[in-house]
Structure formats: C-alpha cells, structure tokens
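Take a look at the structures below.
In the two complexes below, subunit A is the common chain; its partner is subunit B in one and subunit C in the other.
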Partner chain A sequence: MRKRNFIEVRNVTKRFGRVRALHSVDIEVNEGEFFALLGPSGCGKTTLLRILAGFESPTEGEVFIDGQAMSAVPANRRPVNMVFQNYAIFPHLNVRQNIAYGLRRQRLPKAELDAVIERALVLIKLEGFGERRSDQLSGGQRQRVALARALVKQPKVLLLDEPLGALDKRLREQMQVELRALQQEVGVTFVFVTHDQEEALSMSDRIAVLSEGEVLQVDTPERLYERPVSREVADFIGTMNFVEGEVEGVDTDMISVDAGPLGRVSAASDERTRPGRGARVLIAIRPEKIAVSRERPDVPSNLVRGQVSAASYLGDRSHLRVDVPGLGAPISVASQNILPLLHSAHAAESDAMWLSWPASAVVLLPPE
Partner chain B sequence: MEQTKRIDGLIVYGVIYLGFLYLPILLIPLFSFNDSIYIAFPLKGFTLQWYEAMIAQDALVRSLMNSLKVASAVAVISTIFGTLAAKAVTGYNLRGKAPVVAFIMIPFVIPGIILGISLLVLINRLGVTPSLLTVGLGHIMIAIPFSMMVMISRLEGLDRDLEEASMDLGEGVWSTFWRVTFPLALPGIVASLLLTFTLSFDEFLIAFFLTGKEATLPIFIFSQLRLSQKLPNVLALGSCILAASTVVIAAAEYIRRRNLRSDRQSGLGV
Partner chain C sequence: MIRRLLASPAGAGGLGALLLERVRRRFLRSPQMRGYALLSPTLFVMLLFLVVPLGILFTLSFWKQDGLFFAPAFSIDNYVAFFGRIIYSKLLATSIGTSLCVATATVLLAYPMAYCLAFRIKRAKIMWLILITVPFWTSFLLRVFAWKITLGYQGVINSGLMTIGLISEPLQFLLYNRFSLVVTLTHAWAAFAILPIYVSLEKIDRSLLEAATDLGDGPVARFFGVTLPLSMPGVIAAFLFVFIPTVGDYVTPRLVGGTGGIMIGNIIQTMFGRGNNWPMGAALAVISMTTITLLVIVTLWFIRKMRQR
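This part shows the complex of A and B:
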C-alpha cells in the first residue's frame, strides 16, 4: 500500500538575509509519486529541494519524510538522494567508481558490489562504459551516471534539480520518456524541479506551481491546465484569453456571466468556483477550445463575431488573432488544421469569422 | 615593413632581458668546473676538485641536511595549515571572512628583517634558545600565507556541488574531504609544497636571527663568503642546487599541465 503524504512540507519559510526565497510553503507528496516543482527562475525551486536534501534548513516550518521530522537529520543521513543540476560527477573517478561512491559504507563483498554496479549500468544503458572518466561522457550519459549513483543508494525519495536542463531538445525529449519509465520501474518517489511547463505536464503525476516563493496551486497536470485557480497559474501554463465579467445567474450546473462585448457567457460550474450573483469574475478560455467558422453556429450563447487580424500557419495548427469590437485585446485562437490546406473553411487575415466555445471550456477566476 | 622592425626590436629586447636574467646564474656552474681558486676570466681548465672538496666539507653537508630537514617540515606543516585555512575561507560563508584573510596574510607584507628581529625578541623573552626548531617556526609563519594563496585559487575552482554530492551520498564532512576535496586539490597541494619548501630552503633573514649552533645552508654559505679559498666549494654546491631545482620545477610544471588538461576536459577550470 502506497503511503499518502510521504513527504510533508509544513509551513516552510526560508530567508537568506533579507531575501525571502520561500514563504509558508505547504506541500504533500505521496509515496511513489512523480512530483514536479514548476515555476519561473528564482521562485525558490532549488531552495525547496535543498531543504529536502538537508543542505539548507528552513527558517520556519518543518519537513517530514516518511513520518519522521527532518530538522535534526543531517544531509548524509537522510533517506533521500539528489541529482544535481550540473550532475556533479566526480571528475577524478570513473563511471564505476562514481556509481559505487555511496556504497562504501555498506561494506559489500566485492562480488556483490560488482553485481550492483553492473545492474545499475544496465539500468542506465551504459554497459561497457564503467571505466570511462567523466570527461569522456556526453551530457546525457553524465546525467544517467548521476541518476545511477543516486539510485543504487535505494533512496526513499529522489530529488532532481532540472536534470534535463543542460540537454539539447531531442535528447531532452528522449530522456523525459526514459526518466518517467525508470521512475515507474524502480517505484521511487521523484521530486523533480523544472521551469519547463511542457516537461512538467508530460512527466508528472502532480505539479506544484511556485511563484516568488509561494505555492500557487498543487494539482494533476490535467486539472492544472484545464482548471487553473488564478490568472498567474493560467498565464504560466500555456496561454489563455481573459475577459472580465459579472455573474448574472447561478444554476445548479451552470453559471451565466455578462461579459460585455462577448455577450452572455455560460460556464459549467464546478465545486471550486461558485461565485454569487453580481460578483465580478475573470473569464478564461484556452485558445484551442475556441471553434472558428464562417457560418453562425446554432448556439444560444458562448458565441461572438470578430475579424481576423493575424493568422500564422504552423503546419499541424494555425494561430489566429481575432479582433472583437469593444474588446481591448484580440482573442487568441489555435485551430487544428484537420482539413487539407487552402480549404475554404480556413480563416485568412481580415476574414470575418464566428468564434464559439463550450461551457465546459470556460474557467471563472477571481478578478484581478 | 614597420611591423617586422617592431618585432625585431622586441626580440632584441627579449634576448637582452633573458641574458641579464640567466647569464649570472650560468656563471656559477661554469666557474664550479674551473681549475682556479679565483673567479675570473680567462678560465684555467676543467676540474671536479671543488665537488670533491664540497662533499668532504662536513659543515657544508651538515648545513645542507639541516636546510632539507627544516624545509621539508615547513613545507608539510604550512601546507596543511594553508589548505585548511583556504578551505575555511572558500567553503563556508564565514562571517568576517575578509578581515580574517587579511590578518593571516600580514606576514606576507612585513619585511623579513622586522619579522626576524621581533621573533628573536619574542623567543628571548620566552627563554627559548634559538635552534633549527625556531627557524622552522619562523618559516612556517611566512610560508602559510603563500600556501593559502595557492590553495585558495585551487579550491575556488572546485565545484561546491561535488562536496554536497558526496554528503548526499552518505559521507560525512571528514570523509568527504578525503575522498573528494583532497584528490581534487592535489595539484594545488603539490604546488604549495614546492613553493613553501623553496621559500624555507633559501630563506636568509629570519634564519639569520633565529638560528642557533646549527646553521642552515644560506647561513653557512654566507659565513663561507669571507674565506676566499672556500668560495669554489660554494659554487659547486650552487650548481648542484641549480640542477636539483631545475629538475623539480620541470616535474612540477609537467604535473600542472597534465592536470590542466584533464581539468579543462572535465570543465573544472583553473
């Protein structure tokens, strides 16, 4: 049975002098989870990871791992291991010695040690590379050595600080798949730092979005994308169109909003967003949820007519910017190019088009 | 045209400069093989007698041994202290780091003669008799800043993540030092050993004040300069030292370059 709340970060604040790197952070990670910390540069991701590893101690708050308070446990006694951002492969040791580095204390018999290392080399697909020095390895290979070196310690938690950041795009995508597969194979809890939202979405079970030392939202990738809780999260993950409005009516499963130039917008209500009548709200809609058509769709609401001001063709999809009279900013639309190119249904610049979207695609956020 | 002229001028300057630097030194081995007690041209003939006389001269050999002993001890001890001090300065966010470093560096800039006199006054006050031990202690005092400088520049190039990685993999502070910091700092340690050894080996002023009955080599040589018939022995000795230091420096440079190469490959820098 997998334990819930295997890692608990409780009310952790970290200050460096006057700089506040983390502010009242609360995060729970379940056992065996692939958990991502996502946020822009300088938001405190590395600081949080270093607190988990034991290299920094929180100014306030406490960290529990497997129910045990960590404040009195030094880094070398914690059941966690870390993969450093620059891998930190020991340059004076070869691959085999690097992997064996953390096993010395266990005083394994030679044969057993060799077997462990050999298994690790197979796991990271570097059989036959055991005698190489770190300067004879590529970036991706170093990354895997760092991974193996941490995993042979059989940690309860593996911490990874932007482990793919230094790799080129192609290798990065390959390693994303491999890393995820590896995590499922060994079943270790991964806490993974990244500032790349696509990486976080594609790899993680859950994601914590950080900004300026605060946790904005912790959720599954789907919910984070479909149901962001604030404009900040929505802005950070993908793009969204925002329009202000006022709640007109609240039904059991539908909320209708007067959105000025957009007319009446109806939104599917979920348990989280239930603003009252007359409340100001921010309507948010993803560009790809909006359908474009020349003919007026036969729907009573969630419909507006506008003029295409810019259209860029990206092969599989096209990005449009549509000016709606009375609206300050143009509406971004991403439409899949399902029909063959040059089909008359495709929108071109200065075409007048109808935009429509389902009620389930409308997210209501608190106003600014 | 003008370009070549300028370069020619530079070459001439370079040759003169190198000649000025090395010709006096080369005169030492030259005259050490000269079959005459006077150091003057023209040369008289080839001989090894000064080398034989040098080996036969007990006091000379003893002072050489003294200097080797003192210099070795100074090299090891000051390198240990210099390394630890450099580690403290580069590794931790020591409060008041700058004044501490400045304080340790002071002997660096105090004239040797002042240090010598003050140390002499000090050991007299303490009632310690001057000996090789006091010479060694004085040398350690001036050698530590040199060692520290060398080690700071080496340790600053080291990645702090490497030590953290070692801790993360379960090693404590001390074993991390031995398994990671020490091997990576080794080129710096070798450089520091060589530097502090040389420093002590040819140091005159402090030794002059602090030496007791047993003389170090520079003190011995100085005492010999008054006796002109012993001068060629000193030249022979000088030639031997010259040969030995050339070999040592070549070796050190070879080691340094080899490390530089592997450092560059591993992105370590420095």
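This part shows the complex of A and C:
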C-alpha cells in the first residue's frame, strides 16, 4: 500500500537575508509519485528542493519524510538523494567508482558491490562504460550516471534539479520518456524541479506551480491545464484567452456569463467555481478548444464572429489570431489540420470566421 | 598583393618582396608560429640566461682546476671524486631529506590556510590573499634573521621561557641545527605553498561537495573522498615549488643551520669561493640538479600511474 503524504512540507518559509525565497509553502507528496515543482526561474523551486535535500534549512516550518521530521537530520543522513543540475559527476573517479561512492560506508563484499554496480549499469543502459571517466561521457550519459549513483543508495525520495535542462531538445524528449519509465520501474518517489511546462506536464503525476515563493496550485497535469485556479497558472501553462464578464445566471450544471463583445458565454460549472449572480469573473478558453468555421454553427451561445488578423501554418496545426469587434486583444485559436488544407478553403488573413466553443471548455477564474 | 606583384614585370626587387611576403604570411598564418613569435622575448631570455649558463656549468664540470686557471681538457675526475668520497653523497642525501621535511611541513601547514581561504572566507578574499604575501614585502634575509632572533640563545623563546620560570637556562637545541633550518624554511615558503593549493581548492565545483554529502559523506569522509583528491594538483605543485629550490639553498643553512645543518649548496658555494675548485663545484651542481630532476620525474610518473588506476 502506497503511503499518502509521504513527504509533507508544512508551512515552510525561507528567507535569505531580506529576500524571501519561499513563503509558507504547504505541499504533500504521496509515495511513489512523480512530483514536479514548476515555475519560472527565481520562484523558489530549487530552494524548496535544497531544503528537502538538507542543503538549506527552512527559516520557519518543517519538512517530514515518511513521517520523520527532517530539521534535525543533516543532509548526509537523510533518506533522499539528489541528481544535480550539472550532474556533479566526480571527475577523479570513473563511472563504476562514481556509482559506488555512496556505498563505501556499507563495506559490502566485493562480489556483492560488483553485482549492485553491474545491475545499475544495466538499468541506465551503460554496460561496458564502467571504466570511463566523466569527461569521456556525453551529457545524457552523465545524467544517467548521476541517476544510478543516487538510485543505488535506495533512497526513499529522489530529488532531481532540472535534470534535463543541459541536454539538447531531441535527447531531452528521449530522456523524458526514459526517466518516466525508470521511475515506474524502481517505484521511488521522484521530486523534480523544472521551468519547462511541457516537461512537467508530460512526466509528472502531479505538479506544484510556484511563483515568487508561493504555491499557486498543486494538481494533476490534466486538471492544471484544463482547470487552472488563477490567471497566473493559466498563463504560465500553455496559452489562454481571457475575457472579462459578469455572471448572469447560475444553474445546477451551467453558469451563464455576460461577456460583452463575446455575447453570452455559458460555462459548465464544477464543484470549485460557483460564483454568485452578478459576480465579476474572468473567462478563460484554451485556443485549441475553439472551433473555426465559415458558416454560422447552429448553437445558441458560445459563438462569436471575427476577422482573422494573422494566420500561421505549423504543419500539424494552424494558429490564428482573430479580431472580435469591441475586444481589446485578438483571440488565439489553434486548429488541428486534420484534412489537407491545400485545396480546401481554410482560414486566411482578413477572412471573416465564426468561432465557437463548448461550455465544458470555459474556465471561470476570479477577476484580477 | 601577390597577384599584383605577379602581374608586374618580374624585377629582382619584385621577386624579393614576393618571397618576403610569402614567408611573412606563412609565419603569421600558422598559429604555432604565432605562438612562438609571442614567446620569443621570453624564449630569448631563457636561452641566454638559463641554457647557456647550464651549458657552461656542464662543460666546466668536465674540466679541472689548475691553480688559478682551468685546464680545459675532458676528464671525469670530478665525478669520480664525488663517488669516491662518501661525504658528498651523504650531504646530497641529507639535503634532499631536509628538503622533503621542509616541503612536507610547508604543505601540511599551508593546506589548512588555503582551505580556510577557499571555503570559509566569503568576503574580502583579495585582502586575505594580499595579507598572506605581506611577509614577502621584507627581504628574505630579514625574515631569516627574525627567526635567528626568535630561536637564538638569548632569543625571544628562551628569554620568554626563562622569564616565566619554565626553564633555568637557555635551551640549546633551538638554533643552529636541522630543526631551526626546517622551521625557518617552512615559514619562508608558506605563501608559495598556500597559493597553488588555494587555487586548486577554489576551482572545485561546490556541487561536487554537495553530491558527496548527499551520498552520505560526513565532513571528514567528504574531505578524503572528494576535496583532497581534487586538490592534489595544487598539493603536488606546492610540494615541488618548495622542494626543488630548497635542495640547493645555501643562505638559510649558513645563517641558521649551524654545522649540523650544512647542505649541498654550502659545499658548492665553498667550491666556487674559498675552495677555489670551480670544476668540482660545477660537477656537484650538475649531480644535484640531475638527482632532483630524476626524483621529480619518477614522482610525477608514479602519481600518474596511481591516477590511472
């Protein structure tokens, strides 16, 4: 049975002199979870990771790992291991010695130690590389050695500090898949810091979005993308169209909003967003949820006519910017190019088009 | 340029200029050549003041002293004399032994200072670095005399100990022996050892230290597992910086070494001075130089082998 709240970050605040890096952060991570700390640089995500590792101590608050308070446990005795951003492979040791470094204290018999290292080399697909030194390894290989070195310690939690940041795009995508597979295989709880939202979405079970030292939202990738709780989260993850409006009516499963130039917008209501009648709200719609058509679709609401001001063709999809009269900013639309566009009459600049979207695609956020 | 010269009627001057241009271009184009060109002033000085005197010394060592003059005939008598009298090789051995002591003591004392400078001092590092070089603002001889005053029969230590009544008469073993020699030289070389060790410690990526901690190392295990191995280049450099010049030192042994602290340098100096046997002095110099070179080469080779393991 996997334990819930395997890692508990309780009310952690960290100040460096006058600079506040973290402000009363509360996060729970379950056992075996792939958990991402996502945010722009300077948001405090690395500080939080270093607090988990024990390299920094919180100014206030406490961290529990597997029920044990960590404040009195020094970094070298914590049941966690870390994969550093630059991998920190010891340059004076070869791959084998690097992997064995954390096991020295256990004084294993040589045969057993060799077996552990050999298994680790197989796990990271570097059989036969045991005698190499770090300067004879590529970036991806170094990263895998750093992983193996941390995993042979059998930590309760593996911390990863932007582990894919130093790799080129293609290798990064490959490593995303491999890292995820590895995590499933070893079943260790991973806490993973990244500023790359796509990376976080594709790899994690759950994501904590941080900004300026505060946690904005902790959720699964799907919910984070489909149901962000604030404009900041919605803006940071993917692209979002925002229009202000006022709630006109609240039904059991539907909320209708007067959105000015956009007409009446109906939104599927969920348990979290139940604004009252007359409340100001921010309507948020993802570009790919909006359908484009020349003819007026046969729907009563969630419909607007606009003029295409910019169209860019990206192969699998096209991005359009549509000016709607009375609206400050153009609406971004991403449409999948499922049918070949070559001979069809697809949207081009200065075309007038109808935009429509389902009620389930509308997210209501608190106003600014 | 070349094309224009080729197009012009090929006069002798034109051809000469063309050749010169070609040579110039070749020289400037090759990065190696440019490197040598940049080095050339230094290289010239080195050739003139290092290689030439060494050549003279080497030649002289095969000559013989004939009263006031040299007998410029090839003979290996000086080398035979070296191996014939055990006193020479004994002296060379004790010189090397003393230098090993000095180098070891200097590195052992310099390491903590360099470590502190690299890891503990966060602000005003440059000020501390300058402070370390402060003793060098005075002359070497003054520093040696300062030790003479400190360690002497009526020196600071003896009079101090007598004042507080720990001893009734001055300690004799403080000055004019190998001990005072090692103390004085260790102090004299300190900065030369601190700086290379400091540089190698400063270069260590701090995340490597965190990685060692993360993998379970306490401060001591981390020091021997990561910090020390990664600072070895600095330690070796510091050791050699101190060891090599100490073997040939003759001023310090003369001033604080007494009779027990005589080194090979003193004998060489005597040969060129009162002894009036320059060829013998040259032979002794060549032998000690060769011995040190061989020692260093063997040590470095050994270290390299150890590293590869």
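Everything that follows uses one rule, which is that the second predicted complex is superposed on the first by the 365 of 368 C-alpha atoms of A that agree within 3 Å, B and C clash if a C-alpha of one lies under 4 Å from a C-alpha of the other, contacts with A are read in each partner's own complex, and residues count from 1 in each chain.
Note that in this section a contact is a pair of C-beta atoms (placed from the backbone, for glycine too) under 8 Å apart; a residue touches a chain by one contact, two chains touch by 3 or more.
Quick caveat: nothing in here was measured; it's all calculated off a predicted structure.
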Subunit C versus subunit B on the shared subunit A, clash or fit after superposition: clash
Which of subunit B and subunit C A:328 touches, first, second, both or neither: neither
Which superposed partner A:67 touches (first subunit B, second subunit C, both, neither): neither
More subunit A residues in contact [subunit B versus subunit C]: B
Subunit B versus subunit C as contact partner of A:90, first or second or both or neither: both
Partner chain in contact with A:187 - subunit B first, subunit C second, else both or neither: neither
Partner chain in contact with A:128 - subunit B first, subunit C second, else both or neither: neither
Touching both subunit C and subunit B, counted on subunit A across the two superposed complexes: 53, 55, 75-77, 80-82, 84-86, 88, 90-92, 101-102, 104-105, 149-150, 153
Residues on subunit B engaged by subunit A in the complex (per definition of touch): 159, 161-162, 164-172, 179-180, 183-184, 262-263, 265-268
Contacting residues of subunit C [partner subunit A, same complex]: 205, 207-208, 210-218, 221, 225-226, 229-230, 307
Sites on subunit A touched by subunit B in the complex: 53-55, 74-77, 80-82, 84-86, 88, 90-92, 101-102, 104-105, 133-136, 149-150, 153
Contacting residues of subunit A [partner subunit C, same complex]: 53, 55, 75-77, 80-82, 84-86, 88, 90-92, 101-102, 104-105, 149-150, 153
